[in-house]
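Pasting the structures here.
Each of the next two complexes has subunit A plus one more chain, namely subunit B in the first and subunit C in the second.
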Partner chain A sequence: MVKRKLVQFLTALLYNGNLPGFWQGRLWQGSSKSVCLPGLNCYSCPGALGACPVGALQSSLSGVFLRVPFYVIGTLLLFGLLLGRLICGWACPFGLVQELLYKLPTPKLQRTAFTARLARFKYLIAIVFVLLLPIVYYLLTGTGVPAFCKFLCPAGTLEAALPLAAVNAKLRGSLGVLFSWKLLLLLVILTASVGIYRPFCRFLCPLGALYGLFNRISLFGVKVDAAKCIHCDACMRTCLMDCRQAGDRECIACGECRSVCPTDAISLGKKF
Partner chain B sequence: MKKILICLLLLLAAMAGGCAADSSKTTAAAPAAAAQASQTAPDFSFAYLDGTKASLTQLRGKPVFLNFWATWCPPCVGEMPHFNAVYPRYKDKINFLAVSLDDNMQEAAAFIQQQGYSFPVGYGNVNDLAGKYDIQGIPTSLLLDADGKIIASKIGAMTETELEAFLQKAL
Partner chain C sequence: MRIVIFLAALLTLACGILQQQQLGVLRKASTICLECIGIG
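Coming up: the complex of A and B.
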């Protein structure tokens, strides 16, 4: 899976190609910022050349006027229909960070029926924090709030808050309780990532939840040849996500299961 | 697998191409360093919400409280009641100008009218202002002296007490 790591690194680099932004503490202001990236990558990361789809979705539900984000919804549909959660496995910088931490040689918590149940939690996060809370805030206060970005997103803390605060004294001075909470959350997730494979992606990520809904119908991804499959479950014994079968909504198309399939029933690529 | 790689690489190449075409934006941010304390605030044109055109230099002669905001920014609209509360006490000593960076002036005007705020609000070109003032986030507030020099700046929303302390720096 060297190729996957290479693509993950390249993606992270291309998402965040404004490298001088990191030491200048400045955000990229080019027109590419109005383009949604496929993966979760904070708009306010100093290196970010594009917008986070979850952030863009939240942005439309922020402030004193709620908007229907046709462009963002269309972009998410396009990415979902084309690639599904393959994006999580191949083109998400925060997923890469978690995977690298998981490589540290420590005891690992294996997937269980409990983690499979916990994987449903991300759908609740998506509905409550991305959709409902901004609208509830709007109805109660007249101002929508980007609840997921504001209260939860660890990618934002890692990619934006920390690098910007490191070089910008004014921003450091304005950090408060909310930053402390989000830093704590980030540290918990990063620490958990050492012993649990991609915990944020499996249990919390609203973007993964959304893309997962397209996994069965996406053009590219993991496909199981029913005629060849002997239901030996070798693939599921290898799977680090919470899949019940290769290519289901939890599958991030990492492709690890292909190498253990005794009948070569699993393929990764164009499905239809 | 190859098709996935090709698809991803094409996607990344398209992004890289788009960004390369935009490479001037990295350097475009550099002049913004001028918008620092003790430097003269870069001039810019704006329109008051009634459509009257103006520029920042026209406000010279009195200190200026300059705020950048947008209707989609919860902290921005959250601090506006404080602007409105202190404005009657300071308007003779300090010029207020809250510049909306919204996509269109109508949204800003509708919001201000709906809230009944009395402090002056303008509408500016976000691309022009973001570069000139190196706006890294909103709300961003600046305090200028009577000659247009930046006395203080603040990123983030202020409470009424913080706002008063901020304004006092100009008096």
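Coming up: the complex of A and C.
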């Protein structure tokens, strides 16, 4: 689907339009950084023009008992309600990286009942690393910790740590055990992406978990015309995510199922 | 349901903007996040 790839590339470029930042090793500090982008894109990426919603949520949650993070929550609600996981399929740079790796001609691991169960793991990640740990850590120590960014996020390593360390010797000298762990995790995820379709999105991404909750009610996404559907299951045989039916909470609206539907029951776009 | 969530989202976002929470996001996003790059 060439159109989706084009949108993914343009979105990645739009998110990271501060290109001089990559060779200067400096972050964009314009006012656009106060706006959360819909996809997972590290705000410490030298090119990033906006904020990462997961990072912003975690840092806001550190002071949740002093001030409820209305701004980030409201933004996430709006993104979820408008687009749901369509954002994952069309507007997430890290999703694009995984998809490109999956195009390499190697044997592929197909989705199974096990991967469907593993897909629930991302909800645990979201609850523990994005919600609970920042709050608990703040209560215990008085300082915040973006636990997901710190221990798990591969986008931060790929988009921020590596480009910054490449041009900043001082930063390079400060990298230690934590960076080694995150680099290992990134390499595992990227290697897995060659044989498994979007493993990070399916099993680990807390943003995908959150947006997935909105898939049923989002204004845009995949819609199935029940009157036309003959329950042939052709859509599910084509689906690379862990969907049980087109448009459910695992659906990233890639549109692959639409092209194989014999009755044109599946559409992609405005749902209501 | 959709309208309720939409209104709740707008109200929540407006509350955040009135409290100037976007400035906190800007502050955090404009400096290198040491945790994100594996130093902090």
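Rule of thumb we're sticking to: the second predicted complex is superposed on the first by the 266 of 272 C-alpha atoms of A that agree within 3 Å, B and C clash if a C-alpha of one lies under 4 Å from a C-alpha of the other, contacts with A are read in each partner's own complex, and residues count from 1 in each chain.
Keep in mind that, in the parts below, a residue touches a chain if its C-beta (ideal position, glycine included) is under 8 Å from a C-beta of that chain, and two chains touch if they have at least 3 such contacts.
On a predicted model such as this, the values are computed, not experimentally measured, just so you know.
Asker: Return first, second, both or neither, reflecting whether A:Leu183 touches subunit B, subunit C, both chains, or no partner chain.
Answerer: second
Asker: Which of the two partners, first being subunit B and second being subunit C, lies in contact with A:Gly195: first, second, both, or neither?
Answerer: In the superposed model, A:Gly195 contacts neither subunit B nor subunit C.
Asker: Contacts for A:Ser59 in the overlay, against subunit B (first) and subunit C (second): which applies, first, second, both or neither?
Answerer: A:Ser59 contacts both subunit B and subunit C.
Asker: Who does A:Thr11 touch here: subunit B (first), subunit C (second), both, or neither?
Answerer: first
Asker: Taking the superposition as given, does A:Leu164 touch the first partner, subunit B, the second, subunit C, both, or neither?
Answerer: In the superposed model, A:Leu164 contacts both subunit B and subunit C.
Asker: Who does A:Ala48 touch here: subunit B (first), subunit C (second), both, or neither?
Answerer: It touches subunit C, and subunit B stays clear.
Asker: Starting from the residues of subunit A touching subunit B, keep only those that also touch subunit C in the other complex, and list them.
Answerer: Residues 27-29, 31, 35, 44, 50, 59-60, 145-146, 164, 171, 174 of subunit A touch both subunit B and subunit C.
Asker: Quick one: which bits of subunit A touch subunit B in the complex? Just the residue numbers, please.
Answerer: 3, 7, 10-11, 14-15, 17-18, 20-21, 24-32, 35, 37-38, 44, 49-50, 59-60, 62-65, 82-83, 86, 90-91, 137, 143-146, 164, 168, 170-171, 174, 220, 253, 255, 268-270
Asker: In the complex of these two chains, what residues of subunit B are touching subunit A?
Answerer: Where subunit B meets subunit A, its residues are 1-5, 7-9, 11-12, 15-16, 18-19, 22-26, 28-29, 32, 70-74, 77-78, 107, 111, 127, 130-131, 134, 136-137, 153-156.
Asker: Which part of subunit A faces subunit C closely enough to touch in the complex?
Answerer: Against subunit C, the touching part of subunit A is residues 27-29, 31, 33-36, 42-44, 48, 50-52, 55-56, 59-60, 67, 69-75, 77-78, 81, 145-146, 149-150, 153, 156-157, 160-161, 164-165, 171, 174-176, 178-183, 217, 219, 272.
Asker: Using the touch definition up top, name the residues of subunit C that touch subunit A in the complex.
Answerer: Residues in contact with subunit A: 1-2, 5-6, 8-17, 19, 21-26, 28-33, 35-40.
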